[in-house]
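In the two complexes below, subunit A is the common chain; its partner is subunit B in one and subunit C in the other.
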Partner chain A sequence: MTFIVHDPRGVRVASVPSLAARPKTLAGMRVGVLDNGKEQADVLLGRVAALLERDGATPVFARKPSFSRVAPQEAIDALAMCDMVITGLGG
Partner chain B sequence: MSCCMRDAVTLEALGIPTAILVNDVFEPIAHATSALLALPADYVARNVVWLPHPTSNLTASAAETLIDERIESIRTALLGRGGEPANGLANHKNAGDPLEVARAVVEGLAASLRADGADLVLLRYDDGALDGEVRIGDLTCEDGSCIMPADALAKMVEAMVKPKVPSLRSVTLRDVGR
Partner chain C sequence: MARQARPMLEFPSEARAYDEFAARYSDGLPVVLPTPERVRAMLAGTREDPDDVVGLVYPAGNAATIRDVAINAVMAGAEPRQLRIILAALEALLDDRFNINGVQSTTHCATPLVIVSGPLAGESGLEAGNNVLGNGRRGNLSVGRAIRLVLTNIGGGVPGKTDMSVQGTPAKISFCVPERIDVRCWPSLAERQGGSPEETTITVMAADGPITVSDHRSATPERLLRNVADTLRHMGSLNAAKPGPAALLLAPQHARIIANAGWTVADVQRFLFERARNPVWRLREGGEWDPVHTPRSIARYGDAEDPETRVPVLDKPESLIVAIAGGDSGGFSAVVTHWNAAAVLHRFIDDDGSYSVPHSAREKVYQ
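So, the complex of A and B:
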C-alpha cells in the first residue's frame, strides 16, 4: 500500500503594498498634515507646513483623536484630496 | 508609531505619497512594522524622517530649529529621491540559543516600549514556541488604552524573529502588570 503524505504547512504569501508615485515638485501641491495628537506634534508639523508653504505648497490639516489608533475614515477621506501627506509624530 | 505607518500605507494605497516624522527611539518598531506589513525593504529609509527622542520637552524655538534642520529630508521623502536601504535589524547573526537570539532581535523593540513605560520580556523558547510577557503596569488593552495589544505585538515579534530563528512556529505574549 502506498501512502501519500501532504505537507500541512502550506505557503505564506504576502503581497507587497504598492507605493504612490512621487511628484517632481512641491509647488502647487496640496500637502496633507496628519497630526496624531502626541505632545508637540502640532508644533513640529506646523513648522513643516510653514516651510512647505514657502515652497509653494498648500497645507491641509487633519488631527487624529488618538495616536494609538489608525486615522478615522473621515480623516483619510479629507486627506485623499491632497497630493501628498506628512504624518507624525511617531514618538 | 505603528499607527502612523499604517495610516501612511493606507494613503499610499490611495495614490498619495506620504512621509512620516518619527522619534528615533522607535526605529525598531518602524522596521518591525514594515516587515509585518510586507513593505518594500527600503520603505523606512525612504519614507521616515527621524527626530531625536524626546521631543516633548522642546521649546517652540528648539522644535522649529529641529524641523529646519530636517526639512530637506522631508522634501526628499515626499518627492521620492535618495534614501539608502536600511540595514536595521537585518545584520543580526542567526546563531546560538534561539531564546537569546530572539531576545537580541527584539531588544530594540523592548527599548522602544520601555520609553513608553512598558516592557517586553521573552521568557522561554520550547519546540518552536516563543513565550513572553508585555509588562504594561496597571493598563489593560481591553479598553484599547494601551499602545499595542499583546496579540498585535506577538505578530510583530514573529515577523522580526522568524528570519533569524527559522524553527519558530508561534509567539505568545501575555499582558501582565509590572
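So, the complex of A and C:
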C-alpha cells in the first residue's frame, strides 16, 4: 500500500522556455543591451556594445533604475523588439 | 481565478516519504507530511475556496492557491487557526510592491519580517511574551516557517540556485512577531494603522536579522533611544546609505520607560529620525556609499558634498515600525533594518470570528 501526500509546489502558470536558436552572425542583428543599474555596468556594457557595433550589430540600450527590481515595462518592450539581449552584473 | 491542484505524490511507505519528501521540499529540516487528512483539517481554518489563488510566487512564478498554502502550513507544523494569519501575510508578501522576486533572489540576507498586531494573534496561538523571537514559540515559528516553505516550494527560492543569499540569516527560517497588545503604553500597531482594538493587522517588511539593544541603565527616553539610534545607524545596514523603513521591537520594560515620561510613538519616531543619522564623512569612510546612487538617495536631507550633512537611517519618521514584544522583565529590545527594494505593507484580517481572509482587505502602504 502506497503512502500519499499532497504536492507542495503550487500550480505552474508559466511554461519553462527553451533556449532560442543561436545566431550564426551578428551582422544586421538588433542587440539589446540591458544595464542592470549596478555601478560600472554601463561602462562594461558600453564596451560590449562598441564591439558588437564593430561586428555589424545595432545595439539598443535599456536601463533598470534598480538592480533589485524587475525591469520597467518600457525597457522590456524595447528589448522585445531585439533579436537578442545581453545583460550582466556590474559593480 | 480557480486553478487545478497538482497530482498527489506517492511513496512506497511513510518512512520513505518522510525521508524523500523532506529532502526535496523543505527548509532543510524534517517536515510534517501533508497527508490528505491533515490538509483537509488545515483547510477548516478558512472559509475560502481552496482553489482560489492567493498570488503568484516569484521567481518561479507558480500560483499559490489556498490549498497550496494549507499544504505548506501543515508541513511547517502550523495549526488550522493559524492559516488566516499565514494567508493574510502572503497576500501582502505577494503584492508586486513587496517585490518578492527581489527578496527571494538577492545576495543580501533579506527575509520577510511579519508582525501580527491585534487579538487574533493570541487567539491563533501566537505568543508575544518571553523569547518571542526565539525557540519554544510554536505558533510564531510555524507561521514564519509556513511562509518560508511557500517561498521555497512554490516560489522556487532554492538556496544556491535562485536564492542567492550569501550567508542568509536564522531569521530566514522563521520571522513572525506578535505584538504585546496587553502592554498598554500607547495604541497598538493595528490601532495606529487605523484599526479598532478588536481588529488585527499583519505588517510585512523585507528585513535583516534582528539586532539586540541591551539597556538596563537608562531611565529616560532620551538616554534609551540614543542607544537605539546608535544600533539603527550601524554602517553595515543598507539603511545607512539609503534611508528607508526599519522596525523597533521594544521590550515592555523599555516601552514603559518611554511611555511613563509621556512620550508617544510619534515622539519615538521623530527622535529616532533625528538621532539615527550618519554624517556624510562617515558614510564616505566605509560601508555602502555608492557614488552613483547614494548622493541621489540622500539629496533631500542636505548637500551630499558637505561632509557634515547628517543622513537619516529612516526616510521619514513614520517609516519606523514600532511594536512592543517580549517578556516583562529585562531591558532588551531589538532593531530590524531593511532590505531597500521592497515596500512595507499591511493587511487587516477579518475580525468577525470566522477564519476568513478578506480579499478586499483594507491596506496601507508605508512607502
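List of remarks:
What we mean here is this: the second predicted complex is superposed on the first by the 73 of 91 C-alpha atoms of A that agree within 3 Å, B and C clash if a C-alpha of one lies under 4 Å from a C-alpha of the other, contacts with A are read in each partner's own complex, and residues count from 1 in each chain.
Heads up, the rule we're going with is that a contact is a pair of C-beta atoms (placed from the backbone, for glycine too) under 8 Å apart; a residue touches a chain by one contact, two chains touch by 3 or more.
This structure is a prediction, so every number in the text was calculated from the model and none was measured.
When both complexes are overlaid on chain A, the residue A:Arg47 reaches subunit B alone and has no touch with subunit C. By the touch criterion defined above, A:Pro23 reaches subunit B but does not reach subunit C. Of the two partners subunit B and subunit C, it is B that touches the larger number of subunit A residues.
Once the two complexes are overlaid on the shared chain, A:Val31 sits against subunit B while remaining clear of subunit C.
In the superposition on chain A, A:Ile4 makes contact with subunit C only, not with subunit B. In the superposed pair of complexes, A:Val70 makes contact with subunit B and with subunit C alike.
Of the two partner chains placed by the overlay, only subunit B lies in contact with A:Ala80; subunit C stays clear of it.
When the two structures are aligned on the shared chain, A:Glu39 is found in touch with subunit B and with subunit C. In the superposition on chain A, A:Asp55 contacts subunit B only, with no contact to subunit C. Overlap of the subunit B and subunit C interfaces on subunit A comprises residues 14, 39, 68-70.
The residues of subunit A lying in touch with subunit B in their complex are 14-26, 31-32, 34, 36, 38-40, 43-45, 47-48, 51-52, 55, 64, 67-71, 76, 79-80, 82-91. The touching residues of subunit C, when paired with subunit A in their complex, are 3-14, 16-17, 21, 25, 33-36, 39, 53, 56-57, 60-65, 67-68, 71-72, 75, 99, 101-102, 106, 149-150, 153-155, 290-293, 339-341. Chain contact summary for the complex, subunit B toward subunit A: residues 1, 3-26, 29-30, 37-40, 43, 47-48, 51, 53-56, 58, 60, 63-64, 66-68, 71, 74-75, 77-81, 144-148. Against subunit C, the residues of subunit A that register as touching in their complex are 2-14, 39, 66, 68-70.
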